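Chain lettering (A, B, C and D) follows the sequence in which the chains are written, and residue indices restart at 1 in each chain.
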Amino acid sequence: MSWNTFGRAFRFTTWGESHGPALGVVVDGCPPGLMLDEAAIQPFLDARRPGQSKFTTQRQEADQVRILSGVFEGRTTGTPISLMIENTDQRSKDYSEIAKAYRPGHADYAYDAKYGVRDYRGGGRSSARETAARVAAGAIARLAIPEVEVLAYVSEIGGDAIDHANFDAAEIANNPFFCPDAEAAKRWEALVDDARKAGSSLGAVVECVAKGVPAGWGAPVYAKLDSDLAAAMMTINATKGVEIGDGFAAARLSGEENADEMRSGEGAGPEFLANHSGGVAGGISTGQPVVCRVAFKPTSSILTPRKSVTSDGEETEVRTKGRHDPCVGIRGAPVVEAMMALVLADHKLLHRAQCG
Amino acid sequence: MSWNTFGRAFRFTTWGESHGPALGVVVDGCPPGLMLDEAAIQPFLDARRPGQSKFTTQRQEADQVRILSGVFEGRTTGTPISLMIENTDQRSKDYSEIAKAYRPGHADYAYDAKYGVRDYRGGGRSSARETAARVAAGAIARLAIPEVEVLAYVSEIGGDAIDHANFDAAEIANNPFFCPDAEAAKRWEALVDDARKAGSSLGAVVECVAKGVPAGWGAPVYAKLDSDLAAAMMTINATKGVEIGDGFAAARLSGEENADEMRSGEGAGPEFLANHSGGVAGGISTGQPVVCRVAFKPTSSILTPRKSVTSDGEETEVRTKGRHDPCVGIRGAPVVEAMMALVLADHKLLHRAQCG
Amino acid sequence: MSWNTFGRAFRFTTWGESHGPALGVVVDGCPPGLMLDEAAIQPFLDARRPGQSKFTTQRQEADQVRILSGVFEGRTTGTPISLMIENTDQRSKDYSEIAKAYRPGHADYAYDAKYGVRDYRGGGRSSARETAARVAAGAIARLAIPEVEVLAYVSEIGGDAIDHANFDAAEIANNPFFCPDAEAAKRWEALVDDARKAGSSLGAVVECVAKGVPAGWGAPVYAKLDSDLAAAMMTINATKGVEIGDGFAAARLSGEENADEMRSGEGAGPEFLANHSGGVAGGISTGQPVVCRVAFKPTSSILTPRKSVTSDGEETEVRTKGRHDPCVGIRGAPVVEAMMALVLADHKLLHRAQCG
Amino acid sequence: MSWNTFGRAFRFTTWGESHGPALGVVVDGCPPGLMLDEAAIQPFLDARRPGQSKFTTQRQEADQVRILSGVFEGRTTGTPISLMIENTDQRSKDYSEIAKAYRPGHADYAYDAKYGVRDYRGGGRSSARETAARVAAGAIARLAIPEVEVLAYVSEIGGDAIDHANFDAAEIANNPFFCPDAEAAKRWEALVDDARKAGSSLGAVVECVAKGVPAGWGAPVYAKLDSDLAAAMMTINATKGVEIGDGFAAARLSGEENADEMRSGEGAGPEFLANHSGGVAGGISTGQPVVCRVAFKPTSSILTPRKSVTSDGEETEVRTKGRHDPCVGIRGAPVVEAMMALVLADHKLLHRAQCG
């Protein structure tokens, strides 16, 4: 897990910038013999794809994935799987203005301070376009954990949360917000549209639940399943917080309330009477659903002018005119889902390395 | 970062169980030439040490650290630094009851499901005693980042938060709660004492601020400073959530509110007008204070009986009678502080590896 | 360093099979600000390129490299550099025979035993075509260590060694054998041609010398410079042995003979009177030239039939009719050179991580 | 595999200096449920222990190992196993002379150049005493690979090789040289004794054979079994060369000679008619014995004076008067054996991670 690689046993390395010719990912350590072709990956990329509604950026990218290695006669061979997605709509435009000004909320200044050089076109490597590569890798991770069902959805936009009583998984694909609550989705249409028209932007919270994870994945102390999930989620652009199970709310419970009591189960392990822990105890899965929640800040690229400086130290104002998501958290849902699958695939392999 | 090792360049590996003869840590990759002896480490262990007030476990541990390697004539040599802390108060008692019953909220069942064997004495490896080893390692990390000042404190217990207007760093050492708000500390005395007497327990939130971190530490995309911080914090026992900067609150801000505007600074970089980002943008430090917040669940070991099962599948009730912290988050403050120092030391080294 | 990634700080990940659409490499951790374009890489690929004389395989590959990321306005940005080389001469032919028979000396059976599936076209991932990706990565590594001059050459073919008294670096590019001894090169023409005509093949030894490596790169105990070099060289196809400095010959010297005596030097460190150690002591560079030697077995693909079995367990005979190098070690020279540069670049970065 | 840690899945980290209070190792990733106590480790340490004949150093070390964690009720728990060995005979003596002079052939100058500080007492971290920690770790690795039998022995001292026709495994424990050829052992007595009396030293070659390794361990391209073995062996003090199978001799064979032909086998895979490859093809085990050979240079510490310089740049002569092995390769045999076991245990775990 360093620089641009994530994972220990099921590992992936992404590359590519927002406005370069292409981006991609190399997946290494994938089990052999899995059925894999582009069609198994494309639907996940399509879900994340921009330009599909007025609530996401109008950048038009086909996001067609191409498998360049690691698959033979329709099956993974155990050797590295190289995936490439060409950038097709990296509009050539005049960057002279943005080239010098540091956009507030963006990584522009931090990159310059670190590297002394940066690709200012669309944020370069710091662009959320990189997440397409993860989503592609995540599609492969899913194949490695057929016993697990992973589902992510947006649970809150601009402070307006879904009502879990209205939860309907089937609803998620029915609206442009990955929202499982039809009523909330309706409210969000106005909310996001208003923000967009006002040249503003909104934050969001994405929830992710993985069902079918057997007890025993994860490891003490620095390979904890929840620690790896937190790391994974915090690598996604615009994320500022992660919760496992009850998260910060757990800090407000009493010990009695928080205890996940058990009774005799019908299956291999005990039956839990609650899941405050979010399916992880001591860094190891308990067999309950693994639950995590991720906070996305509002999109930093807004039309409203903000004070800033240039790389020469001149004061200036920045308005980001380009095509941007009014709520970057929306398209975060497929990315959170992919990261959950990737972490779980990694831990499945790690578990059988040590425990057979 | 795997199993019991954390870090990429400044790495540490911990070992030891709650009731074994000792616990320890091997710190590898530490720069040579740093002045180091036991006296530079001991104060941090003393701050974390149990048994110092009625608000923490009554287990009495001297927590005397011993340096076994890597230091010569008072200076680090660049070779691995081995630290050992002997366990002195691992009371011999009858574990026959607990040996089979899975304590709710604990990792007992998860460990058994994973390994098929577990050291049930005090939770074995899953005990928070392991954090003594991190605190010792953290003391060395501080020496490697003399330009940085790291401070952690408890900002909330049982839902009762400090008032940041009352913040006084000097107050932190004046009460048994690492609380920077004297009034809150007073309220917490009653709060925690009540929980303790009721056989219950409380959760807490710990905040940590690192000042003096220069712009440029961290790296895209999977070695982000904030991702590593999230991972680090989520490896601490009983943690369920991590926030960087505004965290989940950022998801409720507008883009204009959340933007950290800049103006011409007097130093090397721009001056920021706000720090919603918590000192990290695109995974790289901005030169502002690095801010993180960690949620601790209430201590799982409580006197109040909870339903559970045994490893044989028999239903039972568990009351944890031993010596336990009524609010494990309190002693989490020195551990959070240590982890912040450890992550920053690692990123300082990583930064100069790539960028000279 | 796992699976298809090599290096700790300067890391690269290769992908691709002999008969897939392309192969490539992602270089991660490269310092920013280095001047880089395809023209800086291509000459090294051209040197390794097949089909340039009758002494190497007649496969015709342009081996044109394309930079897909990590470079902006002619400079490295510090983000991952993705390089791709398309396969253009992966002849479509009838593989039905070879698809089942395990070629002796090749990895066919081992791959099948491991993965239960394999890409039999040209050896798939086990083909030496993968080394093109390393050579491309090596060209970037050289840019990161401008203070070092790396040179590899063939010192022995089929047991016929060069005379070091005839050593002329300028000669290396003058013959198809990377041979620094003009007379040996002449003898090898006949030697290799005879083997080729006889449907046989020959082994070789490649030597590599790196001048300009400062004292202090490397690290005890498991990141030793010589250990990493040994690992690097043994990842090259067909290698069976590695020596540092005097290597096995050192095992036949007395302690007096082997001691590299020192006297007062003019530069920073002492002047050494000998270099039996090959520039490494205790895993750390001494400032003398780093010297290593690599043994390549004879090409396993030969026209002479050899006994084998099929994946069904049937006995058979295998003659490898395709286009093959009569002495695979010849084209090993640019690969050894690349690996030396890659290991040194990695250790330069590791050294400054720890020691500033 | 960085700094003082080796291995990917079965990992160990060593610490300690020649003249510090103790040395040790933390083994991480070990499978749970293995029967382990000190008695399972001690015999391997006893075999490596110094002071047992006049052919090894007269330093007297009990080398008593103590298990500090990771074992409960006689079984490994899957958590880190910490082993400690106290140094008991680190004679206090006057180091003022050696403190400044760089001993030729030793790492003294290299350490100083790297770290700017070094523990000059007995070489500090660069001392071969560190290998005691590996031997202890190797004893645990053996438990994780009960299907494999690993055997190392000295095959050559001072250029005088054993006759493989006289090979008798039972003989290895019958002489102070780990020599499987009784006649060679007799010759070596005189050879080594002469060198010792002359204040000189000798090099050696150690061979190691692992039987029972199933086909399929290892992985392309940078986690090759032979690459990891080469790395492992070259981390041992005083090693200068590694060969797998025929090694450098393979470079002198023809393709026909070198091919390991196969016929229909009785077991799972084919039966090989030769083992030039040393049990590894394409980086993956073939099911044949894994064979490797390691060259040890002559001990650098000799009584005969050698020219050198001090850290102040003054010219001087160095005679190493202490207690030293006249042939350090002899005690290398148990260390080579341990490293083979450690690499194989790691690859067993890695294989089942990916391939189930």
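What we mean here is this: a contact is a pair of C-beta atoms (placed from the backbone, for glycine too) under 8 Å apart; a residue touches a chain by one contact, two chains touch by 3 or more.
Not measured: the values here are computed from a predicted model.
K.L.:
For the interfaces A-D and A-C, which has the higher count of C-beta pairs in contact?
P.N.:
A-C
K.L.:
Among all chains, whose Cα centre is located farthest from the one for chain B?
P.N.:
C
K.L.:
Cα superposition of chain A onto chain B: how big is the rotation, rounded to the nearest 5°?
P.N.:
180
K.L.:
Can you compute the centre-to-centre distance for chain A and chain B, using the mean CA position of each chain? Integer Å is fine.
P.N.:
26
K.L.:
Rounded to a whole Å, what is the gap between the Cα centroids of chain A and chain D?
P.N.:
45
K.L.:
Give, as an integer number of Å, the spacing between the C-alpha centres of chain C and chain A.
P.N.:
The mean C-alpha positions of chain A and chain C differ by 38 Å.
K.L.:
Two-or-more-chain contact residues of chain D, please, as numbers and ranges.
P.N.:
2-5, 14, 29, 32, 78-79, 114-116, 125, 219-220, 350, 355, in rising order.
K.L.:
Using the touch definition up top, name the residues of chain C that touch chain D in the complex.
P.N.:
Touch list, chain C to chain D: 1-6, 8, 14, 102, 104-107, 109-111, 113-116, 123, 125-126, 130, 156, 158-159, 195, 200-205, 214-224, 226-235, 237, 240-248, 250-265, 268-270, 273, 276-278, 280-287, 295-302, 304, 306-309, 313-315, 329, 350-351, 355.
K.L.:
Contact residues on chain C for chain A in the complex?
P.N.:
Those in contact with chain A are residues 2-5, 11, 13-17, 20-24, 26, 28-29, 32-33, 68-70, 72, 75-82, 84, 114-119, 124-125.
K.L.:
Quick check: in the complex, which residue numbers of chain B touch chain C?
P.N.:
9, 29-32, 78-79, 219-220, 349-350, 352-356
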